[in-house]
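What follows is a set of structures for review.
Common to both upcoming complexes is chain A, partnered first by chain B, then by chain C.
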Partner chain A sequence: MTRRKRSGAARPDRGPSASGARLWTWLMLPGTLWMTGFLLASLVLVATLAFGTTDPLGNPRFGLDFDNITTLADPAYSTVLLRSLGYALLTCAICLAVAYPVAYTIALHGGRFKNALIAAIVVPFFANYLVRMYGWSVVLSDDGPLLRALRAVGIADEDTKILQTGAGVVAGLVYGFIVFMIIPLYAALERMDTSLIEAGRDLYGGPLRTFFFVTVPATRQGAAAGCVLVFLPAMGDFVSAQLMGGPDQIMIGNLIQDKFFQGQNWPLGSALTMLLMAALFLGMLGYLRRTRKDEAEAAR
Partner chain B sequence: MTRRAERRPRFAIAVTVLFFALLYLPVGVVVLFSFNAQKSLTVFEGFSLRWYEAFFHDDVLLDSLGMSLQVSLVAMAGSLVLGVALALGLVRARSQLGSFAGLVMLVPLITPEIVTGVAAMLLFKGTGITLSTGTVMLAEITFSISYVTVILRSRIAALNPEVEEAAMDLGATRRQALRLVTLPALLPTILASAVLIFALVFDDFVLAYFTTGVDPQPLSVRIYSAIRFGVQPTINAVGTLMLLGSAALIVLALAIPRLFGRRGGLDLLSGK
Partner chain C sequence: MSPEALPLTRRSFLRAGTTVALALTAAGCGFASDGDPAAAAAAHAPIDVKVDGDLVYFNWADFVDPAVFEGFQKEYGVKVVQSNFDSMEGMAAKLNAGNRYDIIFPTAKWAQRLAAGGRLRTIDHGRLRNAEAVFGGYGYFADPWYDSGSAHTIPFTMYKTGIGWRRDRLGDLTGSWSDLWNEQAKGKVFVLDDRDEALGMGALKLGLGLSTGDPAELDRVGDTLRSLRPRLRGFSSDSYNNLLNGNADMTQAWSGDMASMLAQAEDPSVFGFEVAREGAPVNSDCYAIPANAQHPGTAMLFIDYMLRPENVKKNIEYIGYPMPVRGTEDTYAALVEPFPQCMVTADDLGADLFFRNGTAAGERARDAAWTDVKAG
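Showing the complex of A and B:
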């Protein structure tokens, strides 16, 4: 808003500013056309094919058919969708529970090592997702280091398994996406006015009370952003369920992958993709309503 | 500014230490067992470079490595050209196209990769294009434009437009001002995002998986098919090399602003 006024005042002469506007539009055009042509067109294609059919040879056919949509109502699919939702939500909760102490320690007690510590979290995250998942599956394997350590201290016994269970899938998702939770939480904690914490202490709040009644409310926008950033990729993931879970642990991403690569039923795969998008859209809607409410409260 | 007066939250510190241990344990396992003399993934039986040797004699993996490098370079160049221009336009233009473009470039960031992957695959197959190295490049460019634009947008918005206007008052055309004033000021950020895009595309799996043809396949797709069929010690060696490569690139991307005297660069750490 302010820039509009300022540059308007700085260039009262119409000529150059009009040619300038044209230059900016020309600069924007190729990228916009590219993104529209590829991205939007391809997403529209998925949405359309969801109403298509497969001919006897297995080739996809466009049409206006609701068979795929009714197929989705099959309990087999809703079970997988509900499981995916459950795993993704559990992943968010665990990420939140781990990320708060980590971000808190670094932001408020990191001192001059703050940036180095955050970089130490970010760097492995950029390493190949599959290699990290693979290493994680080795760590969690039945005779891997983690279970051996747990057995040694008596927490786990010989039959305890992590891989091939739902816990393994969630562990994979947490490991894969926890950085998305730590970064926004860290940013929120860094911005937070720490005198609030002191005030909480002065009012005889214990560490836990101060944390839940002062720190969490002050940083809930960072937490909400982190939840969205973890929830989105966790819902769509198919690597974790494949490497860490058994056949009865599949998520909606595995179903989509299967319909496109093994099942060769692209219309049904498209319908499943749209179902995933719908589930995520509802989640996003909840997030937006929450943040709007927060903003409205802040404005008051 | 840590206030020493405040008690150290022992519980939070314990969680943090445990977190770092678990964060690096899988990476450490991959690196350690890449030097294992035997095939085992649980028992270390002596130091050996045989899995590295196996990798450098594996033509299929080497072809994949070459393809991944090619794809990353092309995607980096393509998305930089389109993304830098798009970001400049987005910040400076005040038009309907601008608000539309602003929305479109956000789509890949709020869509799970599996959806964009499926969509890109359907687009190629639907238009009769055979999946190949080229289709991976096209898909990766599309995805990377968003990153370039997001990174550069805030940097361009932080630039003082009056410097550009001063150049124009001194007789430069708008285009000259852009080329001689604005782009040099953005150079550190552009270089840092170039390195970042290269690393992201090289490591990308999901999009590459849906848009690649049969031969050659990107390295990450090869790794995926290898680890689905059980223990493959060569993958530890490839993985270690990839870890080293990505780590070096990310450290480089973070260090670029320092090399330029702290102007611009990546704002990874503030979480914005």
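Showing the complex of A and C:
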């Protein structure tokens, strides 16, 4: 009784756990400073610039001009935003469908080749994204190797095209970001208690039933993390739509890029960026709620 | 450290972060600052044509024959430090941010904006041995609209905009912007991913001013371009690759790109290039020396060196763009023999179909029209 009083209440911050906390605080200091400084600075810049104007030399000027905000009411922007949302969601779904079997095979059946297989997936992503996308656009072009081969075996005809279609853009996005789905799924599957799968089989679950009712729920968090990691960059991407898309596949990222690089209208670009961030924030909020609920359930 | 120190520290993190943010915001205002009078006066001081350091060069990528650079480095014992931009806006943003270059290559419209904003040094043509071949041979450039008396610039290249097409698939065209609406090319037509070029094409087709900023006229231009959408495959400035890899049967294209394509096409005779009778936008990239250049003397030497006929010829052959230097016309004519319309003549310049700078309201209207055209 007295002992607890002395060590617990009288000097609560001199114990070993307190000095540990101090060490972690110091270790967090540079990262926190860095993130706070640059994130806040860029956010403040973008947010204030959204109310600015452009001078004749193309310099952005800060101001209190609501023109850019009202311009966003133009239906062109909502069309493009919804289109981007659709592409990003579809990209997530396809990535999930493709990445699960890949991650599953490597994590549970990769054996001693596990690391090599992961490397084989990750290494190509060291090459610049733009270069890889450009390569794709050549492969998928009308006279490119893929369509030539498909035509030779009679699957495609003269009018079949992949480039400048929505399918082309989504193909580019899936290729570009699928690694962000495979890695968290792999990590989740690696961590998963495989005896659960055996238990599922013991209870007469077929491979599919076991997968959907045991493996998927057990790796839900990895899948959710993968979806966020794919969805966020896919939503803001502009390279895929630029290289694989046609006039009807423009995404919100292309409009933002245009405002900053072509139109030199940074204020409007900033307003569009804020719009995109607001849309992404809603998605992020959903994810955070979901994971918090999951954690609460796990803790119970 | 007292127990209370931790929350305090976190708060001070935030305070420090905010300070940094505000400082950066203030620095951000810096790139919008007005030039001071002393700098403006210095911008007009004549430049001594002599080596005063290495040349810091800023241009589109791959726009000068590497052999020409080598020759310059060897002859004057200096290094050329290269960096590249991929749009005029990008170039201006770098200049505005305070980056220092010795020589830049703005287009006509941007030369006017930069000169008006006090960002360029004046260039005394009398000090350049080879300037006479430019201004004596191409009277247009002696006093162009974008730079009175060419006080701040010397033209580097000239080009115009037309239609490149697959002759083997479409046969001959009619020589009008309406050709882009060709039924046969449906689904295989590209328009340049460039606000001014796309809107300019629509305006010329309708007989309107090339750089119109009038909202009612821009509505008509937008309608015209939207009527092209069912035939349109995309907005792309990669004209010659689109033609070469078969994605395009027809594309709006810059003459210089079409000339470069000739070197890569297996059989150039399957391609064609025409300029429309309604008018072809014409443009020029210029040599200019930024007001804050650290080695303007070397920049002057470089311009003079680049204007030597033998170097002009090398560059013409390398980049496929004609240059307004007397005596080099045959080199270009030989290069673009299959596409004679790539030549830029005194008449083309005289027609004066350059993209002009508009008013703030006009530019905003053009931006909005372009967004509507692109977003569909």
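Assume the second predicted complex is superposed on the first by the 242 of 300 C-alpha atoms of A that agree within 3 Å, B and C clash if a C-alpha of one lies under 4 Å from a C-alpha of the other, contacts with A are read in each partner's own complex, and residues count from 1 in each chain.
Definition applied: contacts are C-beta pairs under 8 Å (C-beta built on N, C-alpha and C of every residue); 3 or more make two chains touch, one makes a residue touch a chain.
These figures come from a predicted structure and were not determined experimentally.
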item	value
Touching partner for A:I155 - first (chain B), second (chain C), both, neither	neither
Chain C versus chain B, contacts on chain A by residue	B
First, second, both or neither for A:D248, with chain B first and chain C second	second
Touched partner set for A:T32, first chain B, second chain C, both or neither	both
Partner chain in contact with A:L285 - chain B first, chain C second, else both or neither	neither
First (chain B), second (chain C), both or neither touched by A:L82	neither
Partner chain in contact with A:L45 - chain B first, chain C second, else both or neither	both
Contacts of A:P145 with chain B and chain C, given as first, second, both or neither	first
Partner chain in contact with A:N59 - chain B first, chain C second, else both or neither	second
Residues on chain A lying within both footprints (that of chain B and that of chain C)	21, 25, 29, 32, 36, 38, 40-41, 43, 45, 138, 141, 143-144, 242, 260
Residue numbers on chain C that touch chain A, as the complex places them	1, 3, 6, 9, 13-14, 16-18, 20-22, 24-25, 28-29, 31-32, 86-87, 89-90, 92-93, 96, 113-114, 116-117, 119, 187, 193-195, 229, 232-235, 245-247, 357, 360, 363-364, 367-368, 370-372, 374-376
Chain A to chain B touching residues, read off their complex	3-4, 6-7, 10-11, 16, 19-21, 23-32, 34-36, 38-43, 45-46, 49, 98, 100-102, 104-106, 108-111, 115, 118-124, 126-132, 134-136, 138-139, 141, 143-146, 175, 183-184, 186-188, 190, 194, 197-198, 201, 207, 222, 232-233, 235-239, 242-243, 253, 256-257, 260, 266, 269-270, 273, 276-277, 280, 284
In the complex with chain C, residue positions of chain A that touch it	12-13, 21-22, 25, 29, 32-33, 36-38, 40-41, 43-45, 48, 53-62, 67, 71, 74, 76-77, 79-80, 138, 141-144, 159, 161, 163-164, 242, 245-248, 250, 254-255, 258-265, 268
Residues of chain B touching chain A in the complex	2-3, 6-9, 11-13, 15-16, 19-20, 22-30, 33, 41-42, 82-83, 85-86, 88-90, 92-95, 97-98, 100-101, 104-105, 107-108, 110-116, 118-123, 126, 138-139, 141-142, 145-146, 149, 161-162, 165, 168, 174-175, 178, 199-200, 203, 205, 210, 220, 223-224, 227-228, 235, 238-239, 242-243, 246-247, 249-251, 254, 268-272
